[in-house]
Amino acid sequence: MNMLDLVIALPAIGFLIALLIPRAMDNFIRLFALGFSLLTFVVSLTLVMGFQQGAAGQQFVTNVVWIQNPEIHYHVGIDGLSLWLIILSTFLTPIAILLSWNAIQDRAKEYFAFLLLLEFGLVGVFAAWDLFLFYVFWEVVLVPMYFLIGIWGHDRRIYAAVKFFLYTMAGSVLMLAAIIFLYTQAGTFDYASILDQFSTGKIVLTHLQETLLFLAFFLAFAIKVPLFPLHTWLPDAHVEAPTAGSLMLASVMLKMGTYGLVRFCLPMFPTAARENAPWIVILAIIGIVYGALVAMVQPNMKKLVAYSSVSHLGFVVLGIFTFTQAGLDGAVYQMLNHGISTGALFLLVGFLYERRHSLEISSYGGVATAAPWLSILFLITTLASIGLPTLNNFVGEFLVLQGAAQANFTWAVFASLGVILSACYMLWMYQRVFFGELSEEVKHHMPELSLREWACAVPLIFMMLWMGMYSQSFIPIVSEQNAKILHQGKMSSPVRAMAAVQGVNNAR
Amino acid sequence: MDPSQALEMLKNGVPTSWYLTLSALLFSIGVAGFMIRRNIITVFMCIELMLNAVNLSFIAFAHQHKQVSGHLFTFFVMVVAAAEAAVGLAIILTVFKNRSTLNIDEINTLKN
Amino acid sequence: MEFLVITLIKLALITFIFMTTLAYLQWVERKVIAHVQVRMGPSRVGPHGLLQPLADVIKLITKEGVLPPHVNAGYYLLAPFLAVFMALISISIIPFGTGIDIPAMTFGGKTFGPYHTMMELASVNMGVLMILAVSSMGVYGIALAGWSSNNKYALLGGLRSSAQMISYELPMSLAIASPLLMAGTLQLRGIADSQAGFYLGFVPKWAIFQMPAPQIFAFIIFMISAFAETNRIPFDLPEAENELVAGFHVEYSSMTFASFFMAEYANMVTVCSVGTLLFLGGWQPLWPAALGSNFVAPAIFLGAGLICLYHGLNPARPFDRYTLPVFAVVFFGLAGLMAFPPLVPVLTPLFWFLAKVGFLLFVFIWIRATLPRFRYDQLMSFAWKFLFPAALLNLLVTGFLVALVS
Amino acid sequence: MDLFFFSLFAFIALICAVNVVLQKHPISSALSLVGVMGSLAVLYLLLGAEFVAMAQVIVYAGAVMVLFIFVIMLLNAGIEEHRGRSWIAKLLGFPAFVALLGLLCWFVQRFFPNTGFVKFGDFTGGGAQEIGYALFTEYLLPFEVTSVLILIAIIGAIVLARKELD
Amino acid sequence: MYKLWLIPALPFIGFLINGIIGRKLPKAVTNLVAVGSVVLAFLWVLFVGNQSNWGATPLHAHYFTWIKSGAVNVGWDYWVDKLTMIMLMVVTGIGSLIHIYATGYMEHEEGYYRFFAYLNLFMFFMLNLVLAGNYLILFVGWEGVGLCSYLLIGFYFVKKSATTAGNKAFIVNRIGDFGFSLAMFLMFTTFGSLNFAKVFAAAPGKPEGILTAIAFLMLLGATGKSAQIPLYVWLPDAMEGPTPVSALIHAATMVTAGVYMCSRSSVIFLHAPMAMEAVALVGLATAVFAATIGLTQYDIKKVFAYSTVSQLGYMFLGVGVGAFSAGVWHLMTHAFFKALLFLGAGSVIHACHGEQDMRHMGGLRKYAPKTMAVLACASLAIAGFPGTSGFFSKDAILTAAYGHAPWMFWVGVVTAGMTAFYVWRAFWMTFWGEYKGHGHPHESPWSMLGPLVVLAILSLFGGVLFNVPKILEGMFPPLHEVEGEGMLMGISIAAGLLGIALSYYMYVVNTELPAKITAALGGLYRLVYDKYRVDEAYDAAVVTPLIEGSKAVLWHGVDQGVIDGAVNGVGYQARGIGGILKLIQSGNIRSYATWIAVGAVALLLALGAGGGVK
């Protein structure tokens, strides 16, 4: 039992307790959920304190047998890759709860309980070191989100929820198949052990096997990311989800996909990853440009932000498959950035929605006159989102594009188009929502930010500035981990090739 | 087999297969009834008929093999049939209360 | 072949006696109730109304059998038949005495016998179950009658009776199961035989007294259920006159109506016989022969003859002078028959059996004269909430005790 | 003798069974079914299954069918209506019936050629004692499970049929 | 050491104060904070310059590591050399003056504090741009000034045209930034660093192709920021912003960032002759092109805006022909006179109650003589009147152009003539004739006039006071000596004077002439008057297809049609199959029974066919 276990367990405990609280005490439920998530966040900060930079392997490890046969372990631990993502999850959950304070009146108990369950799943996904455990957490995340969209969503929530669910399930089933295949090869679900067996040549995959396994994992993650042709669930899910749902979905859940790519696809199947990188990168770039172009013509704010997520996550995938230090670091950093800035965008769109009860851009206009601070915060977030230097996204995008340029300059050229287009759609939306004449309707519905809303937004704005101005607080440990992954990928290919030859010889 | 031989044979008793054939006949009649009849209660009775037919073959087998197990199966079938009848009839009552019909063709949706 | 003949003879004998008994049972009932209510009862037709049953039969036979236009004729006619059929069928398996040895006889050069036959029509291994089975079938008659009459009173009566009979069958079965546990057989004769003997030389080993688990409660439960099964007061809801006019047989008349009555009385006799067999030791005497139980029957008949003689000599009504001495002679004859040594082993058990059955029938009539009718919900809750658990408990205790002893 | 009884009661059973299906009125069907059951009880007796025969009469004829009749009476179910249709039943019903019957008989004839014979008294293992013994030794678990099943059925029936509490 | 960070930090503090609590501050305090911070920065620049010998020995400062990942290691570096020093002086100096002017000009505006907060933020970013020690920090400033430009153009955010212009500015700039950032990526992959010192040291050894590519990409960046063909379109629209903004950002400082960057990257450009040629051509083309448009405009700010574009073209011409110092010189003098022109124009607009159309002005010399005087100075300077600041810098560029290619000189001269013509045209139209507007025009307050006077002095004598080529001597390679310099000078002076004279004739003496010429030229005039319809062309060629294409093809077509169609298609297929199977599940129990029976028959048949179970 260490701090990490506590971070995983706390939301689950909170979830269970929340279920026991009588429905009538809905204010207490809110307070309880907020308190519990804040507690989790504070505890998760001890992970940062206790994290030893430069130490080999994962830290805060707990490894106990969960199921005897087949042997499945509760094996959790963190490294530079997962640390920040866990912090991101625990950081955003209190904000999500605070954000839903007044918006959710109907079935508040289940709602806040689900948010805690979501946190549990997310932290678990990033901490799991057992493939099966990972899969379990992966699916655990699905459930609360499905209900968050399906119950508390907007008009077409059922369609969106089902679409979201089916899309994700379609991918994760393939992943499960791949995991089981790996189990048959390695005899264990333990990721560390599987990696070890790969590097020592105990598992020898044929080229076809490796490619197929890679694709199975990749598809699951690509759907979650979502990569270009698999993205259509995202706009629907975002538009229909309640604000906190969008926030968690965009900020953390999408990162599960990219995290999986870095965590599993690259180290386990480096050859296949490299072989398939070209078309994946092309898809990523298409996603960047395409997402931006489609975002440009959206009449709905959330949809716009959703498509912008497609575009931004294209950067992440691009960075991952450049196989350069800068690209990978940038990708991971961009995950965090996107979590903060897009989260903030959804948050602020949520504020607008709470006021005006519309997501259509056309029903706004002149908000800047009525609520200057809201518009300023929105502006900062917009600027972060379009990658203005000194705000967080720039650092990530710069690194990704730098990495892409190192790998193939053409990639960088086309990917950079996204930077232009992001300015187009974000500013265009900003103009239509915040500028212009203030209509009477908008005026009456547009009070300035409340204290609670400040409390939600300020941490995010603060993080944008911090991450944009002083990325050295975050990047080094990520960088360290990425260096390992790159190293593994490079080193193990020839070793594996040799092992494969040996395997063939032994077979003879 | 000529008639005299058959007669001779029948002195030993009735062939077990006759019982089984009877069982098959009853069962088929039950099936036919299920398909033909529209009254839910009658349909239900056809099920009982089928159960009885099967019981008969159980008993016949029990006799053939000189084992008591067949009887027990029959016994259990009866018990289950009794339970089923109780629940089934209660369902029929409820259905009738809600829809005022016993025509099975009109009871084809779960939602009312 | 001989078996067949003897059976046919027994069948004829039993049918005759039984049917007569049924007819006279009604006379007895009316008489007893009348006396309970300090009336005379039927006394016009024949001496002391003794020919009343005959008159009733003639009346019913000669009456027009009305077939109302709105009834389902087939079932309407089938119902009384079913009722009486099911009621009578049980009698065939009830043993009412020990075996009879018939000495060899010669008719026209052919010698028949000697034969030994039991005082019953058929011996069935599953006797008790058979009784239950048949009695459970009895409901069809009533239910069908109620339904086919196309009359709401009849229908309600039919519904009531079927629900009631299903409900009370359970405690009854459970009550029956307890003595079965101790007897270890399902054959009625075997059960009666298992109750032979005496504790301490004088306490009879009847099931109601039998160790390790005296079945007195089971007997009470059985009797209560029996009342319900036969639709007798206080459980005669199916035919409650003041609620349902006459219940299921409201539309019946003539012989069909008589059939229901016959069925009711036949059922009464059957359940009383079963009660006697299961609980009251069947034909086992109340006390040992060593203490002179064999002389009870002659003594009773003798006493009855003497009383008749006395009243004949001091007639209360003019014709007593002619009738009662005849009765006295019959009684004396019976007493002599009972005392006739070769017949003693045959007739004494028969007497005891009939005496017990008669006593139980008397109880039926007695209760009818005494208790009011139940309300329907009371009836049902009594069955399910009291009788059923009590029977179950009794069965459990019995089973436990029997297992403990063995 | 066996042949006689078998023929008689098989005939009755068949007639009654056909009657079950052909009678228009549920009550008629129900009574016919009682007839089938009674006949079967007799056949059981012929097969040496005394206990089951009695149970058949008590449980089926005495309880289950009474329940049916009770419900028919309660609902005052009349002659069935010819509304609604099932083209599939109309189309395939009779062929399926014939095919099923034929196949079943064929199977019976094929797998049970006239080797075994039923003679009354050949098998006496169907008494209460034997059944009871088997029930409480070999089949104890199913027996107990059945009791649970019945309990569930009772509760289910009560819940279903209970009047809505106002 | 010299606390270089203080220079940008001062305006930044001003920004924070005004930005966060400005709403609650009285105007005087806001003024004090805004103006004071910039003036302090100016003073600090002077102090640093004084201490460090005006940048003769470059100063470095590394504050913290900003981005580090593997080989990518970018620090927050500042670098001060002579070029930086000039820029710093221009930015903070002109900035201070314009801040002071703005306190008067913006007095009655709502969102006063906001304006100054933005302006201070602009100063912060501009100073960052100038001080940057590596390309990424330069890019920070580059983007930052773009942002402020966006905010200030859209200052009147209730006006749709203003916010649209802001968006246009930002997005067009982004296109330039696209080039610039690609240049950086290429630079990093080539040199392994973005540090000026390292890059310039390593540049000469690298292949010309890559350097050319880098240079071209940088040129793209510069055309965006400095409003050159093809990305000049945002600048005229940017006049939607308040006039001080036009003066500071869109005339004096920000738009010259491209020139600054090219000069800063002279090492790379010098090793990429093709790119140099391109720079010169772009500059020349822009100069002529914008000048022709300037001839026809009636909006006073638009005239000056096109003039700015044109003058920026001059600077690019200078840079392109290798006369970096001349370019920078023109940059500085242009900052003086163009700021003055704009501020003067602002004063005129102020006088005419916000009227910007020159046809509704006229005769202002009676009402605003001081304004007229300072504007005359500026107009002389831009026309290249001998002795004024514009004369020197323009002459230097033209001479260098002649040295590079004589035809460029001639085009430049013609442009100079046009420049003189349209500026003076504006002057005559504004101050001569009768007042044709509404209300009573009035002179501006001293808070506005004060800076104007200072700028007027600088416009007249700036060329003499600051001889930039001399100051920057040694930084850039020397140019070829050109024969007949005097004659060239004379030609350009003549062109300027001719322009002034022509405009006097047309707009003061013979006022019917312009209409006749207009009528004579007809379509051609309309074309020029409509700015060659470039905006419309861009709209039709890029913007509309992009938006409509995105909407119709990508969103409705690909996203909803193809992808969602495929996804939902799978769903519908499943539902369709289910629909067929549903027929079996009709809810009709008799059908079910029949199916069961059929199934049983099939099973039995299979059993029988398989020989049965033995």
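The first chain written gets the first letter, and so on, giving A, B, C, D and E; residue counts start at 1 in each chain.
The rule is short, and it goes like this: contacts are C-beta pairs under 8 Å (C-beta built on N, C-alpha and C of every residue); 3 or more make two chains touch, one makes a residue touch a chain.
Since we're looking at a predicted model, the values are computed, not measured.
**Q** Give me the set of chains touching chain D intersected with the set touching chain E.
**A** Touches both chain D and chain E: B.
**Q** Let me spell it out: compute each chain's centre from its C-alpha atoms, then which one is farthest from chain D's centre?
**A** E
**Q** In terms of CA centres, which chain lies closest to the overall middle?
**A** So the chain nearest the centre of the shown protein is A.
**Q** What pair of chains has the most C-beta pairs in contact?
**A** Contact tally peaks for the chain pair B-D.
**Q** From the centre of chain A, which chain's CA centre is farthest?
**A** Measuring from the centre of chain A, the most distant chain centre belongs to C.
**Q** Please tell me the distance, in whole Å, between the geometric centres of chain B and chain C computed from their C-alpha atoms.
**A** 36
**Q** From the mean C-alpha coordinate of chain B to that of chain E, what's the distance rounded to whole Å?
**A** 93
**Q** How big is the gap, in whole Å, between where the Cα atoms of chain A centre and where those of chain D centre?
**A** Computed value for the inter-centroid distance: 63 Å.
**Q** Check each residue of chain D and list the ones that touch at least two other chains.
**A** Chain D, residues with two or more chain partners: 51, 55, 63, 67, 72, 74, 84, 86, 89, 93, 96-97, 100, 104.
**Q** Provide the full list of chain pairs in touch.
**A** Per the contact definition above, the touching pairs are A-E, B-D, B-E, C-D, D-E.
**Q** Over in the complex, which chain C residues touch chain D? Could you list them?
**A** Per the touch definition, chain C meets chain D at residues 72, 75, 125-126, 129-130, 132-134, 136-137, 139-140, 143-144, 146-147, 155, 158-159, 162-163, 165-166, 169, 186.
**Q** In their shared complex, at which residues does chain E touch chain B?
**A** 586-590, 593-594, 597
**Q** Which of the residues in chain A end up touching chain E in this complex?
**A** Touch residues, chain A against chain E: 163, 166-167, 229, 231-233, 235, 290, 293-294, 296-298, 324-326, 329-330, 366, 368-369, 383, 388-390, 395, 398-399, 401-402, 404-406, 409, 412-413, 416-417, 419-420, 423-424, 427-428, 431, 434-438, 469-472, 475-476, 479, 483.
**Q** Which positions of chain B touch chain E when the two form their complex?
**A** The contact residues of chain B facing chain E are 31, 34-38, 43, 104-105, 107-110.
**Q** Mind listing the chain D positions that touch chain B in their complex?
**A** So the residues of chain D touching chain B come out as 2-3, 6, 10, 13-14, 17-18, 20-21, 26, 29-30, 33, 36-37, 40, 43-44, 46-49, 51-52, 55-56, 59-60, 63-64, 67-68, 71-72, 74-75, 77, 80-86, 89, 93-94, 96-97, 100-101, 104-105, 108-109, 112-120, 122-123, 125-126, 130-131, 134-135, 138-139, 142, 146, 149-150, 152-154, 156-158, 160-161.
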